[in-house]
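Common to both upcoming complexes is chain A, partnered first by chain B, then by chain C.
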Partner chain A sequence: MSSRLLNQIGLFFAALVIVSPAILFFLWMISLSLKFEIDNGAYPPILIPERFAWSNYVKVFEENNFLLYLWNSVLVTGTATVLALLIGVPAGYGIARLKAEKSAVVIMIARMTPGLSYLIPLFLLFQWIGILGTLWPQIIIHLVVTVPIVVWVMIGYFETTPMELEEAANIDGASSWQVFRLVALPIARPGIVVAFILSVIFSWNNFVFGVVLASRETRTLPVAVYNMLSYEQVSWGPLAAAALVVTLPVLVLTMFAQKQIVAGLTAGAVKGG
Partner chain B sequence: MASVTINNVQKAFGDTRIIHDVSVDIADGEFVILVGPSGCGKSTLLRMIAGLETISGGKITIGERMVNNLRARDRNIAMVFQNYALYPHMTVADNMGFALKIKKADPADTAGRVRNAANILGLEKLLERYPRQLSGGQRQRVAMGRAIVRDPQVFLFDEPLSNLDAKLRVQMRGEIKALHQRLGTTTIYVTHDQIEAMTMADKIVVLHDGLVEQIGAPLDLYDKPANLFVAGFIGSPAMNFIAGRIEEGVFRSAGGLILPLPEGARPTDAAGRELVYGIRPEHIRATAQGMPGTVTLLEATGSEIFAKVDCAGEEIACLFRERLPLKQGAQIRIEPDRACAHLFDAKTGRRM
Partner chain C sequence: MSAIAPERTGVTGDRTEVTTGRTEVTTDRTGVTADRTEVTTQASEESQSVRLAPNYWPFVVPALVVVSAVIVFPWAFTLWMSVNRWTLGQSRSFAGMENYLRLASDPRFWESLVHTLTYTSLSVAAPMFLGTVAALIFDARFPLRGLLRGVFVMPMMATPVAVALVWTMMFHPQLGVLNYLLSLVGIPAQEWIFNANTVIPSLVAVETWQWTPLVMLIVLGGLASVPREPFESAEIDGANAWQQFRYLTLPMIAPFLMIALIIRTIDALKSFDIIYAMTQGGPGTASETINIYLYNTAFSYYDIGYGSAMAVVFFIVIVALSFILLMLRQRSQWNDAEGK
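After this line comes the complex of A and B, so read on.
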């Protein structure tokens, strides 16, 4: 009995040590966002201030056209994700069924190529077509992030759906398109949810593309937060508040869907899972 | 309903030939079972009939139509898979009506046909359930229902009972046979289980290494196996094989065991040639004047006694219907029933 209790305490501490960097990081961010500038620079550091500086959050929304940037982010991430699903789900299905691993690798290579190597040429290209002032350059370039994720998650998913189901549908008179739409797609719905969530997270957090391609009007949230850093001196309070606001949607989404994300990432590892 | 003709059909995956040259005629309404050990090509042959595998050579005809280049969905056949292959996101009713929905049939008509099939299979109360909420036997029935609803020309079954437990298997065996008698649809059924083949088929096709070993009615295969493979495959427990030759009007094994010649066999037929003597365990009797042997293994199930008897170095399996007072290690005299004994050529494996 006591050894079991000891075990549990040990496990608890081990877990605490492992997650503490992530947790402390968040706690410190929350603390920063709620302190006045004077407390933020104090030594020894203060975790819980005597007076909370809610004004930091108000400032985020008042000063920086934050709602516009939020809307930009929603548009860029939303469109890039929807387009990625439209392209990536059928692509994943095709690659899984035709066992076209090489094309999957090509997509992966596109993802692994450092963004900066193609950002400048693309910048010139977008300028030449004349869409630089709009959100389209960012949407298009976010596809480099979102499409590979969707394709790879979906390959894993479609590979686990048994072939017999599609053969049965074939014999039942379904065309290839009907097999995909009526059998393969509904079965892969959990996979599509995972692909959607992961795609949103990666696109939402993307910073490099926005920094290069966004103008004052077309900034997304991560870029907006970065700009707070450079314009005023370094006001940690509003910065942390803004960062938290940016992180919140993704954080909520992740917590809400973490079970499905784990299931989706491990699909294929265990048959019939 | 339709007849099916398989004419010199071959199948190769790259350089590997799975099916060498198979020809089978299946009459309209016949229940034909393709049986053989795993890897013999029986499932591949069925999938070729279904249109799930291409045909490398030869011709398959369903009814009047040559189907070699016809897509699976145009062949008007229905198939029951080993793992049932029910659509997990559809209810039982939707599963059964899927083919008709694809055909854009009248929904009222579809519902009627689904209900009808459900009645036949006892699925009325399960129509709104999902496959995951069903037991193995129920899933099996739904898969059959899906086939029935379509009213196809041919039913194809690919080892449909191998995922069920023994008791359910026996029950479903009876149900599939009853269903065939009721509907009369041409049925091609693949199994590796010779008991399933014996109990259900009108005609059995024994396949081995991509070749047809024998085609015939179940009892013909049992009574007159064409070769050593069929003789060993059909029947359980398996037939005893004893190598030897005919000498002086009797069969003599290498170890000196002497056996009476099968009825109708003339001593001059194959005198001096290498032969194999075949006798089924159930065709051996314990008698006072038979060949002496020692019991090396004894298994009594109540209805019968299975024993292995060592006669002059040959281990002979015996199945006795009567309750003999046997003990392991005891001496016993046994005698083969000459009317049921077989002789095979040792080289070619053919029946003499």
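After this line comes the complex of A and C, so read on.
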């Protein structure tokens, strides 16, 4: 019995070691964001300062138009995700029922394609249409990220939901749209939640599309943070605070929806090969 | 439409049979799936005979339209641009294969290819190893397992630019916390991303930190599907822990390792955010991967034609590598099937 306990303690410490880079990183990130310049420049470094520089956070929002960029991020991610769900959930259903495995290859190719190769042609296209100054280019190009995720997760879910109910409804004379809306969709709700969460996270984190397509007024948060790094006097406190503000929504989502995220990622990954 | 419909249903039927056949081969470990597939096949045969097969195409059409607009169109357009001499703001002229030939004799491109392959092999190997170790640990039961696993997964979800920014501060040669930590164990200060010799390993460290969790999750899924019995009999036969891992666990999770390997390879090849936000390919061009060079060509020099040719070649590199890995996987599955 005591050897089992010893074993458990050993495993716990092994896990602690392998998790420690993550723990240390996030602790240090918080520490940086809460220190005044003098403490951030101290050697040896200080983990917990004597006085906290909450003003770093105030500075982020006051000096950098951060509320506008936050709103841009919400609009881009929100619209791209809602559109992806509207298009992708029925598509996932159709592909699963048609057993059209070839179409999964298209999605695989979408995953393999580097984001930059979409950017050149779409950049020109947006320029010709004349919508470059608006948020629409970013919303549209974020569909490259969100639609494949949603379709992918939904194919996986609809493949595992039972067909019997749908067939019964079908025999009772329901149209395929009614079968989808009233029978298949309610069962697939957990799958939709997973697709929604993953789509939000990957769209929110996206950087490369914004760095090319965003103008001063249409930046999303990741681009705004990057610009702080390159154009400002490097003062670490506000920079770290800004980084934390950007990634906080995603981290909170990760903590609360860990189970769904793990399910979605591994389902997608395992099918992905 | 109705004249075509029966034929199409027939094709679908055929395809279902093929699918069932293959499912049975792979499904030795989960008999349940095979059962379900059989039920489905029977059911769809039934509905076929009653001629009630619903039409599923309307569900797919909107996605097809969007996918062709944002994915297929850009590809066609990129191919076309790549055979043109075209710098933004100047006139365009047909160039044939000129851009591709220029690429072949561009030392900066070959250098970036070497950087890409170095970066990729390191950022595949390290997360694969660490992720497998982590999965073996998290597969066991111990106190606070759920919480620790949750924290372990967080780097993967964190915004890459934010991550890159904080790592840049940690890598700072004078003020960074990493050199301080090294000094505690007596290792001299490093220049990390600010030195051409250490920049790629430093970036790989960040990539590893961020993406080891994905490998862990995939392998963990594999470990969950491993049956208990062989281990019990192996224990009775006196196999030690390493032998059990080497001859039982490893072969059984091999398909999952292969999937992790493929996904990791694709993602590492495509890596952009971390490299761009931390070094922009520098110092000099020491960490310039194809992706970064592509970005610079297209969006700093606005050489759209040349950039497009690079995008095409880059995509071919990714597809070729993925294809090789998929072939390997297919072969290992054949061997599995024959072995059983």
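Structural remarks
Quick note on the criterion: the second predicted complex is superposed on the first by the 261 of 273 C-alpha atoms of A that agree within 3 Å, B and C clash if a C-alpha of one lies under 4 Å from a C-alpha of the other, contacts with A are read in each partner's own complex, and residues count from 1 in each chain.
By definition in this document, a contact is a pair of C-beta atoms (placed from the backbone, for glycine too) under 8 Å apart; a residue touches a chain by one contact, two chains touch by 3 or more.
These numbers come from a predicted model, not from an experiment.
In the superposition on chain A, A:Val105 makes contact with neither chain B nor chain C.
Touch criterion met: A:Asn170 reaches chain B and chain C at once. In the superposed pair of complexes, A:Gln178 makes contact with chain B only, with no contact to chain C. The larger set of touched chain A residues comes from C, when the choice is between chain B and chain C. Of the two partner chains, chain B is the only one that A:Ile187 touches; chain C does not reach it.
When the shared chain is aligned, chain C comes close enough to touch A:Pro114, but chain B does not.
In the overlay built on the shared chain, the residue A:Asn205 is in contact with chain C alone; chain B does not reach it.
The contact surfaces that chain B and chain C form on chain A in the two complexes overlap at residues 164, 167, 170-171. Of all the residues in chain C, the ones that touch chain A in their complex are 12, 15-16, 19, 39-40, 43-44, 46-47, 50, 52, 54-60, 62-64, 66-67, 70-71, 73-75, 77-78, 81, 130, 133-134, 137-138, 140-145, 148-155, 157-163, 165-170, 174-175, 177, 180, 209, 214, 217-218, 220-221, 255-256, 258-260, 262-263, 266, 269-270, 272-273, 276-277, 291, 294-295, 298-299, 304, 307-308, 311-312, 314-315, 318-319, 322, 326, 329. Of all residues in chain A, those touching chain B in their complex are 162, 164-165, 167-175, 178, 182-183, 186-187, 189. Residues 8-9, 11-12, 14-16, 18-19, 21-23, 25-26, 28-29, 32, 40-41, 43-45, 86-88, 90-91, 93-95, 97-101, 103, 106, 109-122, 124-125, 140-141, 143-144, 147, 151, 163-164, 167, 170-171, 176-177, 179-180, 201, 204-205, 207-208, 211-212, 221-223, 225-226, 229, 236, 239-240, 243-244, 246-247, 250-251, 253-255, 258, 261-262, 265-266, 269-270, 272-273 of chain A are the ones touching chain C in the complex.
By the touch criterion stated above, chain B contacts chain A in their complex at residues 50-52, 71-73, 75, 77-79, 81-83, 85, 87-89, 98-99, 102-103, 146, 150.
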